[in-house]
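Labels run A, B, C, D, E, F and G following the written order; every chain starts at residue 1.
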Amino acid sequence: MITLVALPILIPFVLIIGMLVCRSDKLARWLGPVASGLLLLLTVVLFVFVQKHGVLAIQMGGWEAPFGITLVVDYLSALMLVVSAIILFVIAVYALNFLPDSININRFFIFFFGLAMGMNGAFVTGDVFNLFVWFEVMLMSSFVLITMGRSKDQLEGGIKYLALNLVGSLLFLAGVGLLYGKTGTLNMAHLAEILKNDDQAILMNTSAVLFFIAFGIKAAVFPLYFWLPASYHTPNITISSLFAGLLTKVGVYTFIRFFTLFFVHDPQFWHQILLVVAGFTMVAGGLAAAAHYETRRILSYHIISQIGYMIMGLGIFTPLAIAGAIFFTLHNMIAKTNTFLVSGMINKARGTFELKEIGGLFKESPLTAILFMIPAFALAGVPPISGFFAKFILIKAGIENGNYVITAVAIFTAMLTLYSMIKIWNEAFLKKQPGNGNPGRSYSFSFAEYFPSVLLGIVSILMGIFAMYVFGYTMEAANQLINPDLYIETVLKGIKL
Amino acid sequence: MNSVILQLAAKYLKWLFIVFAVLALIRGHNSPGGGFIGGLMAGLAIVYNGFAYDTFRIKERLQNFPEWLIAGGLFVIVLSFFPSLLLGETIMSGVWLKISLPLVGELKLGSPLLFDIGVFFTVIGVTLMFIFSLTQKR
Amino acid sequence: MDNVIISIFLLAGSFFILIASIGLIRLKDLYSRLHAATKAPSFGIFLMLIGVSIFFNTPMVYIKSLFVIFFIYLTAPLAAHAIIKSFQEKDKDDSEKKITEL
Amino acid sequence: MQYILLLFLISSLAIFILPGWLKKQKALVLSAVQVVAFVYFAARIPEITTAEAKYIFLEWIPALGLNFEFLLDGLTMVFALLVTGIGALIFLYAKAYMKSYEGTDKFYLYLMLFSAAMLGLVLSANLIQLFIFWELTSFLSYFLISFFHEKESARKAAFQSLYITGFGGLAMLAGIILLGSVVDSYSLQDWINGAESIRQSNFYLPGLLLILLGVFTKSAQFPFHFWLPGAMQAPAPVSSYLHSATMVKAGVFLLARLSPVLGGTNEWIYIISLIGVITMLTGSYFAITQTDLKGILAYTTINALGVLVLLLGINTSESIKAAMLFLFIHAFYKATLFMVAGLIEKKTGTRELSKLGGLVKYMPFTFVIALLALLSMAGLPPLLGFLGKELIYEAKVQSPGIASLVLILGVTSNVFMVAVSLFFARKVFLGKPNTFGKTPNEKGAAFLIGPGILVLLSLVLGLFPGNLGTAVIKPALGVVSSEMIDVKLKLWHGFNQVLFLSLLTVFLGVVLYWAMLKKKKLLETWRKVNSVIFSIELDEVFAWVMNKFVQVAQFKTKIVQHGYHRYYILTIFVFTSLLLWFQVFVIRSWEFDLSFSLNPFYISGLAVVILGAAITSAVSRSRIVTIISMGVAGYGISLIFMYYSAIDLAITQILVETLTLVMFMAILQKLPRFAVLSSKRTRLRDFFIALSFGSVMTILAIKAVNVNLNPTISDFFVENSYNKAFGENVVNVILVDFRALDTLGEVTVLTIAATGVFLLLKTKNKKL
Amino acid sequence: MEYNISIVVLIITFSFLLAALVLAFVRLLRGPSVNDRIAAMDVIAVIVMAFILTYSIMVNKAIYLDLPVIISLISFIGTVAVSTYLKHRYG
Amino acid sequence: MEIVLAIVVGILYTAGVYLMLRRSILKFIIGLIFMSNATNLLVFLSAGLVSGSPVFVDGEKINAEVMADPLPQALVLTAIVIGLGIVVFTLALKYKFFELTGTDDLDQLKKTDN
Amino acid sequence: MKIIKRIYYTLEFIGFYLFNLVKANVYIAWDILTPKIHMKPAFMEIPVRLETDFGLLLFSNLLSMTPGTISMDISEDKKIVRVHVLYYKTDEIMLNEFYKMQEKIKRITS
């Protein structure tokens, strides 16, 4: 049964092989979504198990921790797995209709599952170096995905994306090396145990800097985010959507994991710097989103701005704040992906992403309008959709912990978010289609085209209405993070199932 | 390069390389070598062959050869998981089979070796795919 | 006695390798440099391998040494040939500078 | 009462699924729903006057202090009656008004949802819950205002109102959380119980200010008032509902709600009164200069809101009594007037005062209704408005401290109101008739039902105010000022100071009206002076600020996201170096063994060669030299690996180095030559940045070697490599057994890279 | 392995090799033609092998011999690759 | 000795970063390789160095001598191979980009930013 | 019988090869270490008399490793080997030597 923990990695691996061999588009179109659906099912089962047992761990190859590689699933991992599986599933369906002809769908799914494998690996691994490997798997897949269309812009964006992320990877690897040099171990739980009792743990700070930068680049925080706006708008919208919800959040996940589990020895420094970075990230991203008139660019900058909130939660570092950060991350993954999906639909209807050339969609396709409204309102924090609770928890945590400045920045950024969302809404939906009455390429969508966005919209709303459960889980996750004893014990001593 | 000398040499060198690559693979568990090293060597052999003929002939004959190599290699890796699963052990655990052979002595075959073989083929495939892509006529 | 023999082989081998390097520096044109760079280092390794084989004196080492010698003597001429061939097809025109400077 | 909300929600959504015949009458259906609600609340009036307030608790997210708490007390009753009662009339009116427009389904949906949100707001006894409904009203009003969304002005106005109220809302949320942290609850009851500790805490003032920010923006107080006139872009039913009885009153409601908790302090009194007075004056002053019907009404609304806020700021039981009464009065006459204005616009096609006149001939009933409402607005007997004004003057007379000033300003403001009312009536209905495109009429009885009922109410209640006082105002007063005083409302108070003030007001008002009417030049000059002095229109300021903000954002984005890729990299390295150097400086206490030795010399020699290769590679202008040097450095590193016992590693390094070299060569033919592109200074700068990073990494390496917090886990591998994993090559055993998962990932990376390279470089027609 | 090679011999050997390495490297830097550089690189590969052989004697571990086997096999591939590139004479 | 090697690491990093800051994409890639080498060496080095004792256990015999730490070797080996994949992909990307645009100058790559 | 002969010839060839090897290297060492460099380079074309590919490879190989010659190329039809000669005497002397080599190779490869 415990093998279940390894399956989020192994199933995509098998699927990669399948897709390599698969030459039929028909089969791929069928296999991709179904397999992603199964993956979703699997993660839900895992989550149920986590609810039952608290933390699940498997020692790969039967080599006991800390010697072998341990895969661990706690609340945080399980939540991330479930939400990212939802997104993967949705994108797999979306790809069927929105991937251009120039991209072979059976090839697309190779990298799609590569991304899934790397990401799931990053979520479940309990080993620092193994995490590096999964990061690379994820990164490599994303490199290919971003350049799949082979247009000039995509290649240019791809080069920038790749260059900065590779720097991040190398710093990560250096960090792993230094960490191992100083502690003699790679297992995260073991690291936590060693550093917990060591008064010299402060010497970890330099390694922590390297991880900080590495994750900062992945998570796209200020001033390390440049690659994101330079590249996210270049690939096909399916791929942008895939990235928007997932990639940076893995960075956030590792941030949370590392800075709650074992880089906890110098809170003054790290929490301060996290907060500073968070604040700048929010504002820089928010301002830039306000400056642009291309939906994907707006949304890309907006990703950055939202990352700031997640980091803010970590920087405040109370259980509530961390729960807020996790809640925010989960909500943001869903809503952000959805906005990208809808912008893809807009593009399909109008043939452009430029807001100045679009209009009249509210009248023409009210359902599309609602589909945009849900995630946009979620992001803007309109109650009772998911985003409100995420922001509320963070602001509450900030105020109650006395972090007034960052809270003020967060509120200011919320206004920036509102501005960007209203801008898209006003321009694309409310205003008349510009040009002399030419409605552009009118397009009515089929159910299959609506489905991904509808599903995510429903998830966003449910996350709001049933916020008590989601909050319960994130609080549970936060408590596990703040008091990692169960995690450590499960990894190092094993569990009985 | 398209040189007669290199082509003459390639005829023999190719096999030498491959023999040594396989040697590196199967000896790898006990002496320097293993799937990566073996795979890279075998890959390089074919790369050399390509340079000698100034074309990558294998590509023309077997268009999808590298891809099959990769898929096959990965498949072997997956196969190597099954012994542990079937025996109910933690996945990826090594399962070993000891065979006593006359002359050779005791031979130990295990799923990690299978794993390494999978790596070997994958790496060959990858190397080939790299070089074929980079050198194709445009 | 074996000690001395091994030492001599080692020294001689490294000496020939040094010769090759000196040749690379001293000789005036590519062809003559290549003569030095092809023959001397291979020979040097040859000698050193003999020394090594005697030193370890196990079948495995003999086999490996043989292989190394075989490979070197197989490949060194190929390398030299490749270098010369590419040089000639450039019509002895040292166009490195032209190629790379802008 | 939560079921009322549910009913509203369901009925609003039900519009879309109603059967055809009923769908035509959807406005009536919704109106009926409102009536049901109204009756429901009205029937509970006895309960609130006699027994405890009705309170319902539904658990939601208790850990966040966020639960559904509904409370039906005197204060809520006032608002609930207004929301549902006027709501019912508004839907009737809308049925007639909206007939000619498209998308009425959406319209009714928004309006009904808005009504639900407003009701939810006033029923909330949990402040976060209240905030949720508060935000919902903001967003729904956004949709309502932008209903004619193809007009740019409508979009702009909607955005403006949303942005301002949204901002205030967020500030308010912060305030609620701040004050909530004092008593660790957001439940109203807990706040009231802990009022003392809240008022004494350090958070009181900031919390109060933040909440007031919400109140002031929502209730269109100075200097946030400007969104309200803009919001007149909405269809008339919306204006008459949102801007008379509901949305803008939310702020007033919150003030009243929180008055027992936060009220009574000097901060409360001065800040709120001050803002109220200014708003009151602003509203009445600008009302006169408007030439647009709805504009006039908007500014008079601002005036009324100012009055209400002022009264709650004064915070005596007299003033609160006045406020409660005035809520009704204003709702009645203002809803009426908005509806009338809508009707006039509809029938004549214009809202411009200058284009109107003599309408009494075509629309006599309308005239009567409007006149009564205007009289109420002017505060003349026997209408409810008179009662209100009297009470207000009374409250002001008794207001602590600043009575005289407030009184003078109050009278001034009312003088304006009287003049405006008269002017309105005169300009629209009397005088000589203008020529209109089509002849106005009063067809469509539904238009007049709503205003008629309201005016009738105003008249009846003005004559017999007693019941209103005891049944509704008194319980509300009990909630707000927490002391039960008798509320006896009568039309006639006898001759006193207040009556004198009223007379004075009317007199001055009439004089002003006369001046405006007869001395047209005076009015013109006044408008001109206004437009000079108040040339800065706040909504233009807002637009300007937003515009500048976008410009700044664009500027900043261009600076930060400049596109020079290498500066991105540079930023990253500089940032990393800074952090690392800082940490190295801070933690310089580690002990380390700096035994510098060049032994063995061949490794040192190797180091020198690697150095040479690195330098060559970095500075060479020949591609091939750069690449070959790179290869040499790689070989050197492999020798280091070899020397320090890593044979597999050394072999792999050599193989990979060779393969990389081959790959480079394979494509070098198609790559461009190097050129010197950066200046010497740039290169020097880059060198120092690189050096800074390189040297700090050196220090880190030394540190890692010297620090050992824990024995390494590697011994396990050496011990078990043969015994348990049957391999003598420990490194290989780690790769394929101990840490096979790493290898799995690595193979995946290679696979993906290879497939990716193929796809990237394949020529067009080749299919993989 | 009863032999004990004098450390002096080893040091001299190492010195020879190091000197050879440096000289070859100088040629690599100076060119003038790319072919010269490649030739130098070729020699460097041999020097690396020689280093390894000497070192294996020094530490008395035959296992190091695996390295020269592989280097001898593959080092010339680089040479051929570079030469091929030169032959194409693309700028 | 570790200090000398640490300096080598620093040198490699310096060269790598310097090359990465050039305008040529090709130089960037070479810088990447240098930095990658530097990182590998750093990982290898930071666990401590033992010379002349490769980690080969001799059957079931208990090994008396101090052995080098095998774990960093395995890690670096993995990292090297991953690096190969990445470098080749980067090369291919650069190649394709150059084929399409005819430029190698990073400063020309400003289209996707604004 | 044939096999024994073949083995004999092979051994003889190895001896020959080794001898030339030593000679070549001593010669080069001497030339490089002495101050004056006595080289007289030239290009030559040698007709091939070998039939097998392996023999041809062996020959070109041998040329490169023995004193004063490096094989530069083999013509497409495998009839001519072009060499670079370091110590040129006369065509006749040199060609004779080359033919002798080819004979030795032929004996073991045919």
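Throughout what follows, contacts are C-beta pairs under 8 Å (C-beta built on N, C-alpha and C of every residue); 3 or more make two chains touch, one makes a residue touch a chain.
Just so it is clear, the structure is predicted and the values come from calculations on it, not from any experiment.
K.L.:
Which chain's C-alpha centroid is most distant from that of chain A?
P.N.:
Relative to chain A, the chain with the farthest C-alpha centre is G.
K.L.:
Please state whether B-D or B-G has more C-beta contact pairs across its interface.
P.N.:
Looking at contacts between chains, B-D has the larger number.
K.L.:
From the centre of chain B, which chain's CA centre is farthest?
P.N.:
Max centre-to-centre separation from chain B belongs to D.
K.L.:
Nearest chain to the global Cα centroid?
P.N.:
Here the chain at the core of the arrangement is A.
K.L.:
If you average the Cα atoms of chain B and of chain F to get two centres, how far apart are those centres in Å?
P.N.:
Result: the chain centres lie 24 Å from each other.
K.L.:
Please compute the C-alpha centroid of chain D, do the same for chain F, then give the distance between them in whole Å.
P.N.:
Measuring from centre to centre gives 50 Å for this pair.
K.L.:
Using CA atom averages as chain centres, what separation in Å is found between chain C and chain G?
P.N.:
17
K.L.:
Identify all positions of chain E at which a residue touches two or more other chains, and write them in rising order.
P.N.:
17, 21-22, 31, 34, 38, 55, 63-64, 66-67, 69-70, 73-75, 77, 80-81, 83-84, 86-87, 91
K.L.:
Counting only residues that touch at least two other chains, what does the list for chain A look like?
P.N.:
If we look for residues of chain A contacting two or more partner chains, we find 13, 16, 20, 60-61, 129, 133, 136, 140, 143-144, 147, 150, 159-160, 163, 167, 174, 177-178, 180-182, 184, 186, 229-230.
K.L.:
Give the residues of chain F touching no fewer than two other chains, as numbers and ranges.
P.N.:
20, 28, 40, 42, 44-48, 51-54, 56, 71, 75, 77-78, 81-82, 85-86, 88-89, 91-96, 99, 106, 109, 111-113 - these are the residues of chain F that touch more than one other chain.
K.L.:
Which bits of chain F are touching chain E when the two form their complex?
P.N.:
Result: residues 51-54, 56 of chain F touch chain E.
K.L.:
Which stretch or stretches of chain F touch chain A in the complex?
P.N.:
For chain F paired with chain A, touching residues are 20, 25, 28, 32, 35-36, 39-40, 42-48, 71-72, 75, 78-79, 82, 85-86, 89-90, 93-94, 96-97, 100-101, 106, 109, 111-113.
K.L.:
Using the touch rule from the top, collect the residues of chain B that touch chain C in their complex.
P.N.:
Per the stated touch rule, the residues are 1, 3, 5-6, 9, 12-13, 16.
K.L.:
Along chain D, where are the residues that touch chain B in the complex?
P.N.:
647-648, 651-652, 655-656, 658-659, 662-663, 666-667, 670, 724-729, 732-733, 735-737, 740-741, 743-744, 747, 750-751, 753-755, 757-758, 760-763, 768
K.L.:
For a test of understanding, state which residues of chain C touch chain B in their complex under the given definition.
P.N.:
Where chain C meets chain B, its residues are 71, 74-75, 77-78, 81-82, 85-86.
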